[in-house]
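Structures follow.
One chain, chain A, links the two complexes that follow: it is found with chain B in the first and with chain C in the second.
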Partner chain A sequence: MRAELGGAARDVRASWRPRASWTAAAFALAAVGPLVLGDARTADIADGLYLACAAIGLAFAVGVAGLPSLAQGAFVGVGAVTAAHVLAAGWPTAAAALAGAVAGGLAGALVGLAFARLPPAGFAAATWIVSWLVAFALQSITWFLGGSQGLVVTGGPSAAQHYALALVLTGLAALAYLALARSPIGLQLAAAREREPAALALGVPVLRIRALAVAASGVAGGVAGALAVQLAGIGDPSQYGPFLSFRLFVVVLIGGALSPLGPPLGVLVLGVLSLLADLVGRLENVAASRAHTLLTAVMLLGVVSLGWEGIVRPSARRRRDGHAATRPAPQGSLTATGLAKSFETVAAVDDVTVAVAPGAITALVGPNGSGKTTVLRLLAGTVEPDAGRIESAPVARTLQATAIFPTLTPLEHLLVASSARRSRAGVLRSLFATPQTREEDARFTGEARQLLERFGIPRDVPAGELPVSDQRALMLACAYATGAPVLLVDEPSAGASAAEATRLGELLRTLRDEGLAVLVVEHNLGLVRRLADRVIVLDAGRVIADGPPDAVAADERVRIAYLGNQAL
Partner chain B sequence: MAVALQILASGFAAGAVYGLVAVGHSLVFRLTGVVHFAFGELIALGVFVTLLVAAGSGPVSQTSVGGARFVLALVVGLVVTAAASAGAYFLAIEPYRARGSVIGWVGASLAVAFAIRTLLVVFFDRPAYVFPDPLHFGVWRIGDATVQQRSLFVAAVALALAAAGWLVLQRTRFGRALEAIAQDFDAARLVGLPVARLVGAAFALAGVWAGLAAILAAPSAAFDVDAAARLGLYGLLAAVVVWFDPRRALVAGIATGLLQATVTSAHIGSAQLGPAYRDVVPLALGLVLLAWRARSLTETVE
Partner chain C sequence: MAAVRPLLPLLLVGLVLAACGGHATPGAHAKLDIVVNAPFSRSPYLGRTIENGARLAASEVNATGVRIGGTTYDLRVRTMDTGLSPARAVANVRRAVGEHAVAIVDEGTGIDASWRLADGVPICVVFEGGDQVTDPIARPNVYRIAPTDHGVAFRLAEYLIPKKVKVALLPDDSGYGAAGKQALDAAFSANRSSVALEETLPADALDLGPQILRARRAHATALLVWGRPATIASAITAARSAGWNVPVYTPPTGADPFVRQQLADHPSWVDGLTFAGGRLTAEVGTGPFRAFEQKYETAFGVDNVGVKTRSGAEVIQLPETAMYTYDFVHLLAAALQHAGSTDPAKLNAALNEVTTEGANGDERAFNRHNHDGVIDDDVYFARFHDMTYAPVHDDPLSATLPALAQTR
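Then we have the complex of A and B:
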C-alpha cells in the first residue's frame, strides 16, 4: 500500500508543471472565499461553480471528443428533477447528488448511443432538439417540477457548505477530465475526432467511446444540476432548456474546450460580463436578464469571429517513461480461397485465392482497376465477399492516403493503436489510476517509445508537422502496434521519393524478419522485386500469376497484362 | 368526425408552414453542410418588422391596419429578413464552414439566434402580439365542425410557395447553379460560379419564403418570439428526420403539423393527451425516428 502511494506521488511530481502550481494556489485562495464574502455572494459563486462543473463535462464532449453537444442544459435539468424527487422522498443530499449523476449519465448515454453516429452537423441538430424536448417536458408535465409554479426543495446544506461542495466538485471534475483525456479512451476519442476513417481502421470502437463521452458529460451535468437545485431552493423548469445549453456552450468556447481549466475561466468571464450588464442595464433601464443574454450572444459572436480557441490552451503533454519488456512477435497467417465480389454487374474480384504466410512479404500487384484494392478490403473485412472463405488471424490495415491524426504526437498514435490490447484501461480504472493501470500505462508507453526509436520517428511533435516520410513510417508503426500478426499495407510508396521507398522497404523487411505476415499492395514494381518473397498478379479481378518474384517477372501473361500484346 | 376535420384543416395549415421552414433548412444544409440554428429567429425578425411598419409598436387590433400600409409593411419585413439572412451567412457561417469548424458555426449561428431574440424581446416587450389581418376570413361550419377559412388560405399559399420554389430550383440557371454547389462546393467554385454570392442569395430566399408563410399564418394566433423559435425548431425537426431532402422535408413538415393538431385535439372517449403534450410528443417521436434513421445513414456511408 505504502509503495503504491509512493509511486503515485512520484508520478504526480513527475508531471507537475507551473500551471498546476497556479491552479492549486487559486484553488486554495478560493477555499477561504466564504470567510470574506457575504452569504448572497457565496451562494452566487457556488452557483457559478456548479455551472463550471457542468461546463467541464461539456468541454470533454466538445474538446476531446469533438462532438458539438447542445444537450448539456438538458442533462443538468434531468439531474435537477431527479434530485428534487429524491430529496422530496426524504433522502439526504449525497443520495440526491448520486441519483442526479446517475440520471444525467443515463440520459447522456442514451443520447450518445442514439445520435453519435450522425455526422457532426446532425449531432448538433439532434442534441438541440433534445434540449427543447426536455424544456417542454419540464414545463408541461407538472409531475417533473411542478409545472410553471416550480417545485420547492427544502433543507440541504448552507450557502457556505454549498460553496465548499461546489469547489470540491469542480476540482474533481477537472481532475476527471484530465485523467480521461490522457487515458487510452481519451486518445481514441481524439483520434476519431481528427480522422474517423483512420481511427476505425485501427480498430477504435468509435460509436461506443463517443457514447461514453456524452455519458460522461451527462454525469457532470447531472450532478451539477442535482446540487444547484438544492442551492436555489426551488426547481424552476424554465431554467433548464436551450438557453442553458447555449450558455454552457458559450462558456466552453470562451474558456477553451481542450483544458479543464477553460470552463471555470469561461464562467468567470461570463460572471464579470453579467456584472457589466447590470451596470449597462441600470443606465439604459433594460431588465438585466435581457442585457445578459444580448451581451453573451454578442460576446460569443465576437469570440468566434476572431477565430478564438479559448482562454486556456492545452499544455504540452508529457508521459511517464516506462521500461518495455520486449513483446514476443505475434504469429498468424491469412488464407482466402475463392473470393468473389461484384459491384452492380461488374465483377471486381472473381475467384481469387490469396495466402499470406508468416515471416514473408507477399506482394499483390496488377494494373489499375485489376481489383487489388477490393481484395484488400475483403481481406480487411470492410467489404463482405459474395463468395469465398477467409481464414485469418487478426489483421491490421494501413490506409492509402497518409491518414494520420494531425494534432496527436507519434507516441499518442501508437498508444491509440495499442489500446485494443489493453485490459486495464476502462473508464473507472483510468479515473482512479489504479496501480495496475499505471503499471500497464508505463509498459505500453515504454513499448511505444522503443517502437518509435526503431522506426526512426521523433516522438513528441504533433504528427501533422512531421515530414511525409515520417508520417508513412508512423502509419506502418501504428499497424504494427495493434499487435495483429497479419499486416495489410496499401501502397506504401505511392507518391514517395526513392529514398522514402527504400526506408519503408527496410522497415517492412524488419517486420518480416520478426515473423509477421505482410501483404503489400504496390505499384512500384522495382520495390516489389527487391522486397517481396512472393508475388501475386491480378488482372481484371483474377489471379494470373502467383510465385517468387523472378518467376512471375518472366511470365508471359504478366507482361501482356502490363504492356499489352505488342513487343517493346 | 367533426374533430377530425378540424384537426385536418388546422394541422395542415400549421404543417405547411413548418414544411416551408423545413425546405429552407434542407436547402441551406445541402448547399453548405450547415444547420441554420437562427432560422426561426430570422423569421421572427421578419414578422416583427412587418408588425412595426404596419402598426407601430403600440397595441394592435386585428382590423386596425389598411391594405396599402400592410403591403408596404410586408415588403419591408421581407427585405429585412432577406438582408439579415444573407448577412448571417456571410458574418457567422461562411467563415467557419470554409475552415471546416463545426463547433465554430454551431456557436456562431446560435449566437445570431440569441442576439436577434434578445433584441426583439427588448423592443417588443409585451407577452404576446395580435397580428393585423387585412384579409378578413370567416369560418365554415360543416356539420359540427368549425373550419377556419384562414387555415386553408395559409395552406394553399404555403403549397404555392413550395411549388414556386421548386420551379426556381428546377428551371432556372440560378437553380441549376445551386444544384451544382450542393453536389460539390469546391468544384462549383473552380468552374467559375460566384459561389459565395449564390449561396448568400439562397439563404436570403429561404428566409423570405419562410418569412412570408409565417407572416400569413401569424394572425391565426397570438404571436411572440417563442412561437417563431418553435417554427424554426419544428422546421429543423422535419428536415433532419428526412436528412435534409427538400421534397420529403415539406411532407415531413405537414406530418408534424398534423401530428401536433392530433395530440392537441383528438380524444378517444375521455382519454386525451391535450395541449400540454403538443410539443413533447412530436419532438420525442421525431428524435426516435432520427435515431432509427442514423443507423441507416452510417450503413450507406460505409
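Then we have the complex of A and C:
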C-alpha cells in the first residue's frame, strides 16, 4: 500500500507543472470565499461553480471527443428533476446527487448511442433538438418540476456548504477530465475525432466510446443539476431550456475545450461580462435577461468567426515510461477461399482465394479497378462478402492515404493502437488511476517508445508535423502495435520517393522477419519484386496468377492484362 | 495634454469636495432598502406599476423619515427582475436578504420557495392570488395585498351560476393559470352542471381557435378565461374572429393594458369583457383614491394604455396594483416605527399590530390570523365599454361602486 502511494506521488511529481501550482493556489484561495462573501454572493458563486462542473463535462465531449453537444443543459435538467424527486421522497443530499449523476449519465448514454454516428453538424443539430424536447417536457408536464411555478426543494446544505461542495466537485470534475483524457479511452476518442476511418482501422470502437463520452458529460451535468437545484431551493423548468445548453457551449468555447481549466475560466469571463451587460442594460433600459442572451450570442459569434481556441490551451503531456516486457511476435495466418462481392450489377470480386502465411510477404497487384482494395476490405472485415469463407487470426489494416491523427504524438498513436490489448484501462480504473493501471500504462508506454526507436520515428512531436515518410512508417508501426499477427497494408509507397519506398520496404521486411503475415497491395512493381515472397495478380475481380514473383512475371496472362512493357 | 494639465488640480479638488459632500449633506438619513421583486422584463407594466407604488409611498415616508432608536432612516426602493422565472425570483430574494433589505415587495412568482430563504424578512405579494401564498402560522413573514384567487373564483361562480349560463372554464398553463384552475375547480365544484367544458389553454399561444371552437361545440354560453393577459387577448380574438359574440369573464388580468393593446384594431371585441378585481374605492367614496391617483400622476405621469375611445380620448390605466404596493410600504413604515427595530421577528410582530389608512380610504392591516389585506368580499365586477370599464349593475356590491374616469 505504502509503495503504491509512493508510486502515485512520484507520478504526480513527475507530471507537475507551474500551471498546476497556480491552479492549486487559486483553489486554496477560493476555499476561503465564504469567510469574506455574504450568503447571497456565496450562493451565486456556488451556482457558478456547479455551472463550471457541467461545463467541464461538456468540454470532455467537445474537446476530447469532438462532439459539439448542445444537450448539456438538458442533462443538467434531468439531474435536477431526478434530485428534486429523490429529495421529496426524503432521501439525503448525497443520494440525490448520486441519482442525478446516474440519470444524467443514462440520458447522455442514450443521446450518445442515438446520435454519435452522425457528423459533427448533425450531432449538434440532433442534440439541440433534444434540448428543446427536454425543455418542452419539463414545462408541459407539471409532474417533473411543478410547471411554471416550479417545484419547491426543501432542506439540504447551507449556501457555504454548497460552496465547499461545488468547489470540491469542480476540482474532481477537472481531475476526472484529465484522467480520462490521458487514458486509452481519451486517446481513442482523440483519434476518432481527428480521423474516424483510421481509428476504425486500428480497431477503435468509435460509436461505443463516443457514447461513453456523452454519458460522462451527462454525469457531470446531472450531478451539477442535482446539487444546483438544492441550492436554488426550487426546480424551475425555465432554467433548463436550450439557452442553458447554448450558454454552456459558449463557456466551453471561450475557456477552451482541451483543458479542464478552460470551462471554469469561461464561466468567470461570462460572469464578469454579465455584470457589465447588466450595467449597459440598465443604461440602455434593456432587461438584464435580454442583455445576457444578446451578450452570449455575440460572444459565440465572435468565438466562431475569429476561430478562437479558448483562453486555456492544453499543456504538453508527459507519460511515465516503464520497462517493456519483450513481446513475442504474434503468429497467425489468413486464408480466404472463394470470395465474391458485387456492387449492384458489377462483380468487384469473383471467386478469389488468398492465403497469407506467417513470416511471408504476399503482394496483391493488378490494374486499377481490378478489385484489390475490395479484397483488402473483405479481409479486414469492413465489407461483408457475398460468398466465400475467411479464416484468419486478428488483422490490422493500414489505409491507402496517409491516415495519421495530426495533433497526436507518435507515442500516442501507438498507445491508441495498442489499447485493445490492454486489460486494465476501463473507465473506472482510469478515473481512479489504480496501481495496476499505472503499471500497465507505463509498460505500454515503454513498449511504444521502443517501437518508435526501432522505426526511427520521433516520439513527442505532433504527427501532423512529421515528414510524410515518417507518417507512413508511423502507420506501419501502429498496425504492428495492435498486436495483430496479420497486417494488411494498402499501397504503402503511394506518392513516396525512391528513398522513402526503400525505407518502407525495409520496415516491412523487418516485420516479416519477426514472423508476421503481411499482405501488401502495391503499384510499385520494383518494390513488389524486392519485397514479396509471393504475388497474387487480380484482373477484373478474378485471380489470374498466384506464385513466386519470377513465375508470375513470366505468366503470359499477367503480361497481357497488367504488365504490358513493364517488368516485374 | 499640456492644456489639460493646469486643470488637473482643480479637478482633484472638485472630486474631493464631491466625495465629502456625499456624506455631509444636512438632513441626509441612513437608508433602509425595500426590494421590488417583479417581472420587469416579461410583464413590464406590472413591474413598473408595482415599483411606482413603492416609490410613491417611500417618498411620502421619507418626508419625515422612519425613526428607529434615535436614528432617522429613509426608505430606498431597489428593483430586481424575476423574468417570471421562479428560480430567479428565489435568487433575488436571497440576494435582497443578503444585502440587508428590510422588506420585499413581490409579484408572487416563486414565493413557495423564496419565503424560506428570506430569514424572516417580510415579503408582501401584490399580484399572485394562490391559496397557499399566505399562512400566518406556516409562513409568518408572507403577506398579501391583492385579491385572492379563492375570492375571485367564488365571486365569479356566485355571479355567473344564477345567470344560468353554461361556462367554459379556460385556465392557461402559466403558474397564474394553474392557481386559477385550482380555485375555479373549488368554486364550481358544487355546480358542475354550470360548466360546459374545462380546458387548459397554452399560455402565450397566438391562435386559440381550436380550443375556442371546442368550447362552442360544447354549447358554452360564456367563457371564463383565467390566464395571463396574452391568453385573454388570444381567446377573445379567436372567439370574435369566428363570429361568436359570447360573453367573456376574466380575473383581474382582464384589465391589464396588454389586452386592450392587442385588440386595439377591434375595439368592439373588448366591449362586454367583464373582469373581477379588488374594488378601488371604499365606502368613503372616490375622494381618497382620486387623491392617490393624483399623487401618482404627479410623480410618474399617467399610465397610458395606448388606445383611444371612439371619441378620440386617450385611455389611461388606473394604478390598482400600485395602490397595493403603496399601502404595504406605508404599513411597513408604521411597523418599523412601532417595532423600533429592523429585526425581522420584531417587524413581523409589528406588522400584525399596526393599521394604516389605505390609498382608497379603507383601513389596511394584517393580524396574527390573517395576512391577506384584501378580503374576498371586496371583489367586484367591471365591464368594458369603449375601452374603459365601469362596475356592473347586476351585482349587489359592484352596483354601489362609482365609475372612475379613465380618459384624459
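Structure notes:
Basically, the second predicted complex is superposed on the first by the 562 of 568 C-alpha atoms of A that agree within 3 Å, B and C clash if a C-alpha of one lies under 4 Å from a C-alpha of the other, contacts with A are read in each partner's own complex, and residues count from 1 in each chain.
Going forward, a contact is a pair of C-beta atoms (placed from the backbone, for glycine too) under 8 Å apart; a residue touches a chain by one contact, two chains touch by 3 or more.
Please read all numbers here as calculations on a predicted model, not as lab measurements.
With both structures placed on the common chain, the touch criterion links A:Thr154 to chain C but leaves chain B unconnected. In the superposition on chain A, A:Ala232 makes contact with chain C only, not with chain B. In the superposed model, A:Val36 makes contact with neither chain B nor chain C. Shared-chain residue A:Ser140: touches chain B and chain C both. Annotation for chain A, partner touching more residues between chain B and chain C: B. Of the two partner chains, neither chain B nor chain C is touched by A:Ala28. Of the two partner chains, neither chain B nor chain C is touched by A:Ala94. By the touch criterion defined above, A:Asp44 lies against chain C but remains apart from chain B after alignment on the C-alpha atoms of chain A. Touch criterion not met for A:Ala499: it reaches neither chain B nor chain C. Residue overlap on chain A between the chain B contacts of one complex and the chain C contacts of the other covers 140, 290. The part of chain A that touches chain B in the complex is made up of residues 62, 66, 68, 70, 114-115, 117-122, 124-126, 128-130, 132-133, 136-137, 140-141, 243, 246, 249-250, 253, 257, 286, 290, 293-294, 296-298, 300-301, 304-305, 307, 382.
Partner chain C is touched in their complex by these residues of chain A: 38-41, 43-44, 47, 140, 142, 147-150, 152-154, 159, 232-234, 236, 238-239, 287-290.
Remark: chain C residues 40-41, 81, 83-88, 90-91, 94-99, 109-110, 112-114, 116-117, 173-175, 178-179, 203 touch chain A in the complex. Those residues of chain B lying in contact with chain A across their complex are 29, 33-35, 37, 91-92, 95-96, 99, 102-104, 106-108, 110-115, 117-119, 121-122, 233, 236-237, 240, 243, 276-277, 279-280, 283-284, 286-287, 290-291, 294-295, 297-298, 302.
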